[in-house]
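Okay, so chain A shows up in both of these, paired with chain B first and chain C after.
Moving on to the complex of A and B:
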């Protein structure tokens, strides 16, 4: 009976795959060309890379809510109960050396990614991911201890980036819309938001891995 | 067939592969990974379809970037819940409906046998 259900499920999945492929391959061309719209308004966005312009200017509120989603996920984690700290003393002797060599380069790469976001692929999220990976590497090498749940620093950093974004969004409400930057200050405001977000997101992503329950 | 369409078709196959994993696999960790695979397939469809005429479109790319970060957050939350479930019950999969009831009945039967 169980094998019958499994094979029926596989047949249904194959049918779904065929239907999806037919639908995707037979799709007519898009009636609206958003790429053209972005290109014509790129001059007023404050940055010269179209993806960053969409992320932080044209669709800034998506990015704003995305930061909120990360914080909510972290709150959910805190509510569900944190995992116990991992056993210590089982580390590989090579790992701390590698971590000490790699982490400064990772921080350098993160700063470059943040700065490059204005005119080529890069930006706050990529920079934050590299920084968080550096923190996880340090943690695995037992150079960085796990964070207890009531540590003040990570909380301030995580809330700080979000509050900075919120403050700028609220200050710009007078312009008639959420996150509608005046074109002459747009570049500066975007760099300010992205710098705050890099720190805040890096700590948030690292907290997913480093927050541990207190030793009992 | 342009490169964008090949990406979109691959995304469809990844989505179905992930859906199959969610439906057929039992272990929670594998299900979470399979769910991530579904998400990656959807992202690939979005980005691939938007550039099927040869020029990349920055709007879906920005949407997908947002989606990837949200997927990371959701995965972290799902893994925490799975760990919590494992810590509370010692199980790595979700009990089927009726499992808990039948186990309680079995335990009651055992107790009755011991009583006799």
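Moving on to the complex of A and C:
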């Protein structure tokens, strides 16, 4: 019986894969050449790297909602109940030394990634991930204590970057559209938003590890 | 030469993806998942998409891998009598 179900599942999945393949191969060519559009309008975006131009300018709204999704994920974790703090004192002695050496370089790399986002691969998400990884490393090395549930600083940092993005988006509504930057200020606004997002996302990602239930 | 590398990379990706799903030990599955993420980073770099490669390395392999390791440790702490991967 189990073997029958298994073979039926395999057949169904192969059918699905074949249908997807047919659908993808049968797609009509895209009506707009998006890469060309981006290249044409890159000068007005305030940055010279096309990926950043799309993420923060042309499709800024998507990035905005992405940040909101991460915050909602954290809210979900808070609602579901935090895991207890891990047992202490069982770690390798090498780890704190390594962490103390690596973390300053990671912070440097994060700032570079944030700055590089304007003209080459990089940006807020990558910078935030590196910062969060640094925080996790410090946490694993028991240099950084877990955050209690009610700690105010992480919450302010997470909300702050998002609210900065929201405030800029709302202020630009007067300009005729959500997140429609005036071209002469676009570069500055994008750097501002990305800096806020880096802090917010880094604390958000780190909070998935560092938020722990209070010791009872 | 680069075609051979690409073929090897594709084969390694498929193999690590399969092993990640098929291995019965969750600890090993998490390590294989991280290996898969790093191979995927190489694949994105080969496809000239350094932005996605960076994001995959940092978020996909790094943070998600660490989260999964943390979860495995928490699972083991909850059921210390349980043999690894038997649940």
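Convention: the second predicted complex is superposed on the first by the 205 of 216 C-alpha atoms of A that agree within 3 Å, B and C clash if a C-alpha of one lies under 4 Å from a C-alpha of the other, contacts with A are read in each partner's own complex, and residues count from 1 in each chain.
Methods note: contacts are C-beta pairs under 8 Å (C-beta built on N, C-alpha and C of every residue); 3 or more make two chains touch, one makes a residue touch a chain.
Just so it is clear, the model here is predicted, and its values are computed rather than measured.
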**Asked** So, does A:208 touch the first partner chain B, the second partner chain C, both, or neither?
**Response** both
**Request:** May I ask you to decide whether A:113 touches chain B, chain C, both, or neither, giving the answer as first, second, both or neither?
**Result:** second
**Message:** Looking at A:122, would you say it contacts chain B, chain C, both, or neither? Reply first, second, both or neither.
**Reply:** second
**Message:** Applying the document's definition of touch, where does A:24 land relative to chain B and chain C: first, second, both, or neither?
**Reply:** first
**Request:** Determine, for the superposed model, which of the two partners chain B and chain C contacts more residues of chain A.
**Result:** B
**Request:** Please indicate which partner A:13 is in contact with in the superposed arrangement: first for chain B, second for chain C, both, or neither.
**Result:** first
**Message:** Contact-wise, after the overlay, does A:51 reach chain B, chain C, both or neither (first, second, both, neither)?
**Reply:** both
**Prompt:** Between chain B (first) and chain C (second), which, if any, makes contact with A:145: first, second, both or neither?
**Reply:** neither
**Message:** Just to be sure I read the superposition right, which of the two partners does A:130 touch: chain B = first, chain C = second, or both, or neither?
**Reply:** second
**Request:** Would you check which partner chain A:77 touches, where first means chain B only, second means chain C only, and both and neither mean what they say?
**Result:** first
**Complete:** The shared contact residues of chain A with chain B and chain C are 51, 83, 125, 205, 208
**Parts of chain C lying in touch with chain A, wherever the complex brings them together** = 50-51, 53-55, 58-59, 62-63, 66-67, 70, 73-74, 77
**Message:** Show me the residue ranges of chain A that touch chain B in the complex, using the header's touch definition.
**Reply:** 6, 9-10, 13-14, 16-17, 20-21, 24-25, 27, 29-30, 33-35, 38, 50-51, 53-55, 58-59, 62-63, 66, 69-70, 72-74, 76-77, 80-83, 125, 201, 205, 208
**Fill in**
Listed in rising order, the residues of chain A that touch chain C in the complex are 51, 83, 86-87, 113, 121-123, 125-126, 129-130, 132-133, 136, 205, 208-209
**Asked** Which residues of chain B touch chain A in their complex?
**Response** 1, 5, 8-9, 12-13, 15-16, 19-20, 23-24, 45, 49-50, 52-53, 55-59, 61-63, 65-66, 69-70, 72-74, 76-77, 80-81, 83-84, 87
